[in-house]
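Beneath this line is the structure, given in structure tokens, with notes to follow.
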Amino acid sequence: MLETYLPIFLLLCVSTAAGGGLYLLSKFLGRKTTDSQYMDTPYECGIEPVGTTKERFPIKFYLIAILFIVFDIEVVFMYPWAVVYRKLALFGFIEMLVFIGILVVGYIYILKRGALKWD
Amino acid sequence: MDIPLLSLMIFTPLAGMVFLMFLKQEQVKIIRYSSAAFSFIPLVLSFLMLGEYDWTTSQLQFVEKAIWIPSLSVNYSLGADGLSVPMLFLTALLSFISIVASFGISHRVKEYFAFFLLLEVGMMGVFAALDFFLFYVFWEVMLVPMYFLIGIWGGPRKIYAAIKFFLYTLFGSIFMLVGILLLYFNTEPHTLDIMELIKMGPAFGKDLQIMVWAFFFIAFAIKVPVFPFHTWLPDAHVEAPTAVSVILAGVLLKMGTYGILRISFPMLPFGTNYFSLLLAVLGVIGIIYGALVSMAQKDLKKLVAYSSVSHMGYCLLGMSVFFVGADGKAFITGLSGCVFQMFSHGLITGALFLLVGVLYDRAHTREIEAFGGLWTKIPVYGSLMTFFAMASLGLPGLSGFISEFLVFVGGFARYPVLTGIAVIGVVLTAGYMLRMVQKMFLGQFNVRWEGLTEINAREIFTIAPLAILTLAVGIYPKPLANLMAATLENIVTLVNR
Amino acid sequence: MEFPQIDYVAILPEIIICGLALLIMLFAAFLPRDRRWITGHIAWFGIIVASFAVWMNWGTDTRTFAGMYSIDLFSSVLKLIFLLGSLLVVFMSENYIRLHKLEAGEYYALIIFSLFGMMMMASAADLVVFFVGLEIMSVALYVLAGFRRSDPKSNESSLKYFLLGAFATGFIVLGIAFVFGAVGTTSIAQMFDPQQYTLANSFFYLMVGGGLLLIGLAFKLASFPFHMWVPDVYEGAPTAVTAFMSSGPKAAAIAVLARVFVVAFGQHITQLSPMFWSLSVLTMFTGNLIAISQTNIKRMLAYSSIAHAGYMLIAFATGTAEAVNSVVFYLLTYTVMNLGAFMVLLVVEGKEDGDNEITSFTGLGRRHPFLGAAMTLFLISLAGIPPTAGFAGKFFLFKAAVAKGQIPLVVIAVINSLISVYYYLRVVVVMFMIDTQTEFRPVSYPAFLYVALVVAVLGTIVLGVFPTSFFPFDIPLLASGR
């Protein structure tokens, strides 16, 4: 039973070794700078780590994000369907049309209600 | 008989209620007279029924049967025998009288009479139903209009009294429902037909009988009301409008004793025998306790209300004595005392409440102490009040005496000591009734009541039939006794199976 | 490969309802704002058509979608109950939407989607189908609860409902996983076949799975101790939605409970009975006792709905086919009388926002006798007093329980009915018995609402007087396949 999980265990070992090894390598091989104001910040690329938490995003971002998820999931459903498409033949095709049809109704709806309009 | 007499009696008031709904709130006169007419029809029909009734047999008469809910084997079945005929008559009479007596109602008239007619439907139905389901439905149907009648048209504490009445009665009746279901499942094939269940009576197991009897008794005892369950009564009776008090005392209380005699007795003979002593003890407690509390009352209506507790105690004592004598004849003295008391208490207490209402309408107080020497001012009223007070305390020649006498004769046959104690109740009743008459009508005239007017014709019209019947039953009880004898003998035989 | 066997005629009602919801969405998208009320008419018309489709399939007993979807008498009866409930809700919403200026198209679409989910639940013969139906129903309801976007209470209601509902869903999924792990199938009919056990202690895992499923369903049913969300959600949600929430999802949850716990776990009813027994008792007492102290009528009805869930659970403590039949009948009566009470509430509420105090009913009986009488009828029916539908429902339920010897439970239930009378009558008291100086605020008489009200009144009376004429009391449970 447990041996079936061996690849996962191996993957775990390899990834730990890789991550840890790289870290240790940079520790040993890298140049050691001790006093730099940038080294003490979380992001060394220059982004201010402290800012106001009350920053507001337009709700449209959320809306687009959630709509993206909906249609993204739609595509996810298409993968298994595509794999067995040959076996399902015409029936599978029609079923997928129904499925997409339902989502198209949703798409038309959001389009008409202006959910995708940015202004 | 071809016409469905009982159905007509039950549903004429319902038709009346529907008719009232189409009238306008302002058409007060039409509302009053039409509802009186609709309640008069059952009264006429009940006379017809009295005429047609064959008292020589205990068979159910005027039977009607129709399939209602086949899967439950529930039928719409009605019938009447010597026990229900007097009650149906009493109900029809008191309903009509109460509706006439309510002509003074001026507040939300239409609703009042509609509820009153609905109430009559429920009461009639309870006394005529021969199917448990139907019986239960009517038993509950009655609650709602009664609740409204007390709650809308009652006295100062009407809402409290109405809710208390409703909850108490419902508390009892849900136990009855459980009891009904228990019986239903212990019969094969399952049936809810009261007559079928009575036939199977002795076949029920002893534990089952005791349990179901107790469940039924809770329901019926609350309605009667028997001593520990009586506390709703003074509130409801006192707060209710006059006509409703009449119905409460005259008809509703009888449903409890009717239920015990109609259902518990023949259906659960073992349970009945098992609990018969309890019936007697509770009856005697009720008699003495009710009388003592009545003595302490300052309010006239409360006095009459508590006297009901006392008087219904006689019913219980009377019904607790049932046996088949050595000669094979059923001993029905106690039972007929009970039924006589049911009938005469309905007449007498109904009349007393009407009279209290008459006085209250004029004086707006019911304090006994506030009156005095009224006889000089309103002699007709005074004599009617005295007449019914005498009837209530059991003056020979009036119906109260017959029933109490029969109860005591019956009681001595089995519970001499208890009956001996109960006799004290008569003395106590005499005490408070006479004291009431003396304080109100004799002695120094209280000038405050200079403007008091005499009882009017309509009020006399409502009280006269009750007075006549009280006198008639008191002097010549034989017809009533004949009416129920066969049925009661049958009940006693059934209990002693 | 040829087409799989799918009985399209049998699932016609679902197809109609799903198509209806999509159609309404399209209408909502294309119609101009002031014409969107048309969607309401499409909705009720579609529901009636779907009801005919159910009627057409009356008596079919078939399983389709590889046995995952069962169309039998049980599901048909439940579907008719859902359709009736939704029809009444659509009728009563018409005026509400106009008064509160809500988006008509979305509203009806969501109601119909939710209805679709319920219908799936009623027919589910497989836990996965049940789960999909449950989610379709719930997600639509989460949105509906927050439909009055500008009202913070409505937002609160929606969020609470969503969070707790999602939490409950988690339990259900976990439960399904356990069941699947234990028996290797999610088919309700095969779940309890010992031959299916895949593990040594399959039975244990199956019971764990069943317990988790019960937790999830108890949430939807609003049973103790998962009832916390009910009052807040009911109070905050738009009144018409509250009406819908209090009848439909409950019925759907009961349907699944019946399939899972009476059919699948049926052999183990003796082990399960004490659990349902205690759930039922606790739910009844919680609902009824807390309802007494409520001053807001929506909250009171919320607690009363908890109490009714308790009565319904009696059927599962009993666990016979007769008990399930009577609980389905109970659902029908509850739908009619409960929606009726909400209809009166809608009329009384009128345009006022959030004023649902019991005192707002003061004098209703005087000013509007029909409304007062109707409300009284619904309340005494909820309390279970004959000759109303509520009494008939309780009678059959108690009868089934007594037949199985559940006498203490029935006694507790009748005592609870008694407690409930107290708070139901309080509304009657303020309607009829308190005289008020102030005029009762004028109410409008929207036609559709009144049609629905008359239907509810007639239903409450007719179901009470002739219960067996309108309901088949011999529904087999999952007849085919087991």
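Labels for the chains are A, B and C, by order of writing; each one numbers its residues from 1.
In the analysis below, a contact is a pair of C-beta atoms (placed from the backbone, for glycine too) under 8 Å apart; a residue touches a chain by one contact, two chains touch by 3 or more.
What you see is a predicted model; the values in this text were computed from it and never measured.
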Can you name the chains that touch chain B as well as chain C?
none
Which chain wins if you rank chains by how close their C-alpha centre is to the centre of all protein C-alpha atoms?
C
From the centre of chain B, which other chain's Cα mean sits the farthest off?
A
Once every inter-chain C-beta contact is counted, which two chains account for the most?
B-C
Roughly how far is chain B from chain C, going centre to centre by Cα mean, in whole Å?
44
Distance from the CA centroid of chain A to that of chain C, rounded to the nearest Å?
39
Determine the centre-to-centre distance between chain A and chain B, using the mean Cα coordinates as centres, and give it in whole Å.
81
Within their complex, chain C touches chain A through residues 1, 3-4, 18, 22, 25-26, 28-30
Counting only contacts in the complex, chain B reaches chain C at residues 68-72, 108, 111, 136-137, 140-141, 143-144, 147-148, 151-152, 158-159, 162-163, 166-167, 170-171, 174-175, 177-178, 181-182, 184-185
In their shared complex, at which residues does chain A touch chain C?
87-91, 102, 105-106, 108-109, 111-113
Of all residues in chain C, those that touch chain B in their complex
366, 369, 376, 380, 385-387, 391, 395, 398-399, 402-403, 407, 410-411, 414-415, 417-418, 421-422, 425, 428-429, 432-434, 466-468, 473
